[in-house]
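Chains here go by letter, A, B, C and D, matching the order in which they are written, and residues are numbered from 1 within each.
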């Protein structure tokens, strides 16, 4: 049971990570900066609960706002460029953040033990959950309240005018601006929203794994962040969830019994998925099938 | 949402498949589950440790197995060896899986320090602390050598040489063995926690302690107190360090060449250690002594740069010097693994488990699982000394830090050769 | 005065080493820029394929103790093939306008290649035969690595050849035609897929050379160098200006020297930060890179 | 209301516009004709702020537009359609119209939160009107890409009108249309004029231009060679040699 809950938590965290990239992807911008925001979120929340002994809720909220604000600041210069340049710029950004935490040393002594981020040694013993006797089930409920709230908000904005505007920008920037849409504002707000979500999920992630170091926040994390929405399809938020279940549930955990061949299959299945479903596993075609299935 | 539940169902089914179906074994047996990196760059860790663990267990069973609580002898059984890929999230998932879905008495893994740091954090900190909802599962790690991990949880155990004493002894011996070596310098890979902290906080300190003279960038008062002047050292020697993934070591090598020391410390894993030593060779840097990091006392170093590594001296927790060690070495090599300081720990762990089980009177029944694990943990904690492959393993009950015999090996003509055994 | 002189020598030497080493970045950069120029797409599997080629070359040298040149040839050949395969598996069947899917597919390809290498070698670092091991000339206070000179030289040659192919041969015309106006090119009877797969193969060829050269220059081959190479290559591509081959070369050499210099003065922990900072400076003041093409109408 | 003062736009050596002066009066339907490459579309792009003119200035209701980005010019009341239709193909017809609600009135009437995340009665009503105007009522929930060519043209026009413009720039709206469609477009344009929208119509299809416009300017090689009401233009020799010869066999 414990194990399934843990898996569900992981899925929740990664779903939020994916959704943080989802919004910006709709505007046609490909950003790998999510890893950076995620890192900022997780370190901030962890420092707040471990060093300043905050309660976890304000801690993750603070993490969320900090990451969101950072995204806002990064958005303006970053979104002047697009395409490959944006990809590289955002990779560079998240590498920069990673190197910042990799050099961050902030040790305080509490009842005889040194705690806090310790540069390349990482940041161990973020044990808020177990110290406060949270059962894994409680953790799951706690975590998924956030996931559901986030999914709800994204779903809602997706079906409101803002969603339409985001997609419009993604489809034809010239036409969008000539019906009066301010591209910069739209893109930057999408990025900021993404930053908020990434920061939130990072804050929760830190307490889930109890130990952070720079290895967790490499470019690969950013790649996964965009992989989920792309693999799932940008038609709606459940695509991302489906993709996360596909990757975390199926490829990473589900295929364990394959031993050495698991990771080979991992890459292979991603390639196949993109070849057979370039618009995502959860594209209109799939949705159509599902609708029929439900009707039957 | 039907499709979702379907997909969920499918993946859960697969996950269920992936769980060792230990229930089907009728005869009572003592179950353990291991894990390590079986994918990714550190794959060799997992492969070697699995080979060692499985063959050690086979040995134990052919010798009659383990005595259970009811006095009967039962075979020991490795119900699986999972791939944690040296990633925190995966290791934690496996840990929870082992604890909640299998009836393994103990989890045996892993080798990567960073991963242990995360896994141990998930465990309950203090055994009797009921307010702590951490996982209650004894973990017996092979290596996880990074200093200070033991204190994270009382459920966590490591079988690892104590690097502090290891290097302490090493330099003490070098002092006498190489009287003409006076000065030293060196470098490390800063993105690998273990390499870096060991280098700055231990290796350099111990060298200074035993009267070697640091000729690197000026650092106020290094050693002999452990960690003394560590920060200054880290700051000062920045530009003679490197990263694990680096490709160009010219600058570092030249900095070190200029210092022209008698002894050079190369504190990093084979990946970059080899690159750096090759660059040293190119720039014709020939120190009187070359000292390395424990982790590179392995086959990988020979694969990577046999000739450049010629002459490097490394303290390690394993070498085929005793009959047992030789025997184990042969068996494991037949099983397709190499026995080095990491995997030899896995071998010894199997025997540690046997001993602890026989102390703890394990019933090995599903209904007694929790109790068994707890007893096992206490028994394991109470073991202060155990016969290892090359000498006694000891463990300091108060700090939880393990002590393990070690020898000094050197690359001679492309082979690891034991040059000194402090215990003898 | 002594110290000053010493520093001057050291810094010159540092930059010089860096620049020589930069030629490997340059080749990777050219690869990215070629593919981007031709399809406007990002091939994340590129550096992975390059290193894979080097591995096969290594295998050859291990089994038949082949001469180093042959090792290079095999590496180049294999990653040419890899380039072709990557195109066929990750780009060929994905709708041309769908950049995201292609990107993701190539990421999958990267994982796959990476893991196959690990499976073959247990991730253990492998000794790579150095080109003329002892070619280390010391001219006065300076030391020059013969093999790096050779690497540099090969880099230049392959670039010249590439430029010739692109601008003087019919194939090159076709490639550039597809790059500039694929529809029009199709109307002129150019087979896009054929042209693209040739572009990928050429890029793969360069990648193979780059991979083998990196491996030879380091002397060790291990999967851990793939990701850093990818990132450096991308940075080089952008600094050089997307689709600009001369840009990629100069940027590669420049970044190589730059990072070595900052390693020397600021140390390893900050080196990459300064590289990133360099990129940002370019993005702000020269968003289209060193050799920016003129911005087209809309 | 719209003054174009000696506008020049050069692309490298090409002088797409060359010191052009125009003045469009309130409520007019102003036609701009001229052979291909005479700079008509460039002019529209300059007015919309997609190109920055090399020289000269555009003023709208007395205030200069220079330096204003496209989306702000729309807020001053300038909307357009494209020569090659540019809808949002993967958005529904309804969404295409919904996205376009950026006019100053809209921003005034609705709270910004509601504007982005809600769907008020007024919005519904107005979009229904737009659907009616472009008679696409029964296609509201279909993807724009699934519409027929004529329908797409109508939708694009509706989308431009949905931004509540005071000046509407139509870039060859009749291209590729058959006679009835053109007649239909004609009446639609007139009805827009009745709503008090000034219209600049760029067109090759003479029957439409000559029929619907109040004034016509003729461009050739980026400068104006004639201006006047349709009858005058048809008489003008310069125009005939530059253009109508071309339009008879059209």
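Heads up, the rule we're going with is that a residue touches a chain if its C-beta (ideal position, glycine included) is under 8 Å from a C-beta of that chain, and two chains touch if they have at least 3 such contacts.
Quick caveat: nothing in here was measured; it's all calculated off a predicted structure.
Between chain A and chain B, the least number of touching-chain steps is 1. Touching chain B and chain C together: A. Chain pairs A-C and A-D differ in how many C-beta pairs are in contact, and the one with more is A-C. When each chain is reduced to the average of its Cα atoms, D sits farthest from chain C.
Chain A has the C-alpha centroid lying closest to the overall centroid of all protein C-alpha atoms shown.
Chain B and chain D have centres, each the mean of its CA atoms, that are 73 Å apart. Rounded to a whole number, the gap between the C-alpha centres of chain C and chain D is 49 angstrom. Note on chain placement: the centre of chain A and the centre of chain C lie 30 Å apart, centres being C-alpha means. Chain A and chain D have Cα centroids separated by 43 Å. Those residues of chain B in touch with two or more other chains are numbered 39-40, 190.
Residue positions of chain A with contacts to 2 or more other chains are 102, 174, 260, 263. Each of the following residues of chain C touches two or more other chains: 115, 118-119, 227, 269-270, 298.
Residues 36, 40, 42, 44, 89-90, 93-95, 98-105, 107-116, 118-119, 227, 231, 234-235, 237-238, 242, 269-270, 272-273, 276, 279-280, 283-284, 287, 298 of chain C are the ones that touch chain A when the two sit in their complex. On the side of chain D, the complex with chain A involves touching residues 48, 50, 69-71, 74-75, 79-80, 82, 86-91, 95-96, 98-103, 115-119, 159-160, 162-163. Contact residues on chain A toward chain D in their complex (touch as defined above): 156-157, 160-162, 164-165, 167-168, 171-172, 174-183. If you check the complex, the residues on chain C that touch chain B are 10, 13-14, 17-18, 21, 24, 115, 118-119, 122-127, 130, 133-134, 136, 143, 145, 214, 217-220, 222-225, 227-229, 256, 260, 263-270. Those residues of chain B that touch chain A in the shared complex are 2-4, 7-8, 10-12, 14-15, 17-18, 38-40, 82-83, 85, 88-90, 92-93, 96-97, 99-101, 114, 117-118, 121-122, 124-125, 131-135, 146, 151-152, 190-193, 196-197.
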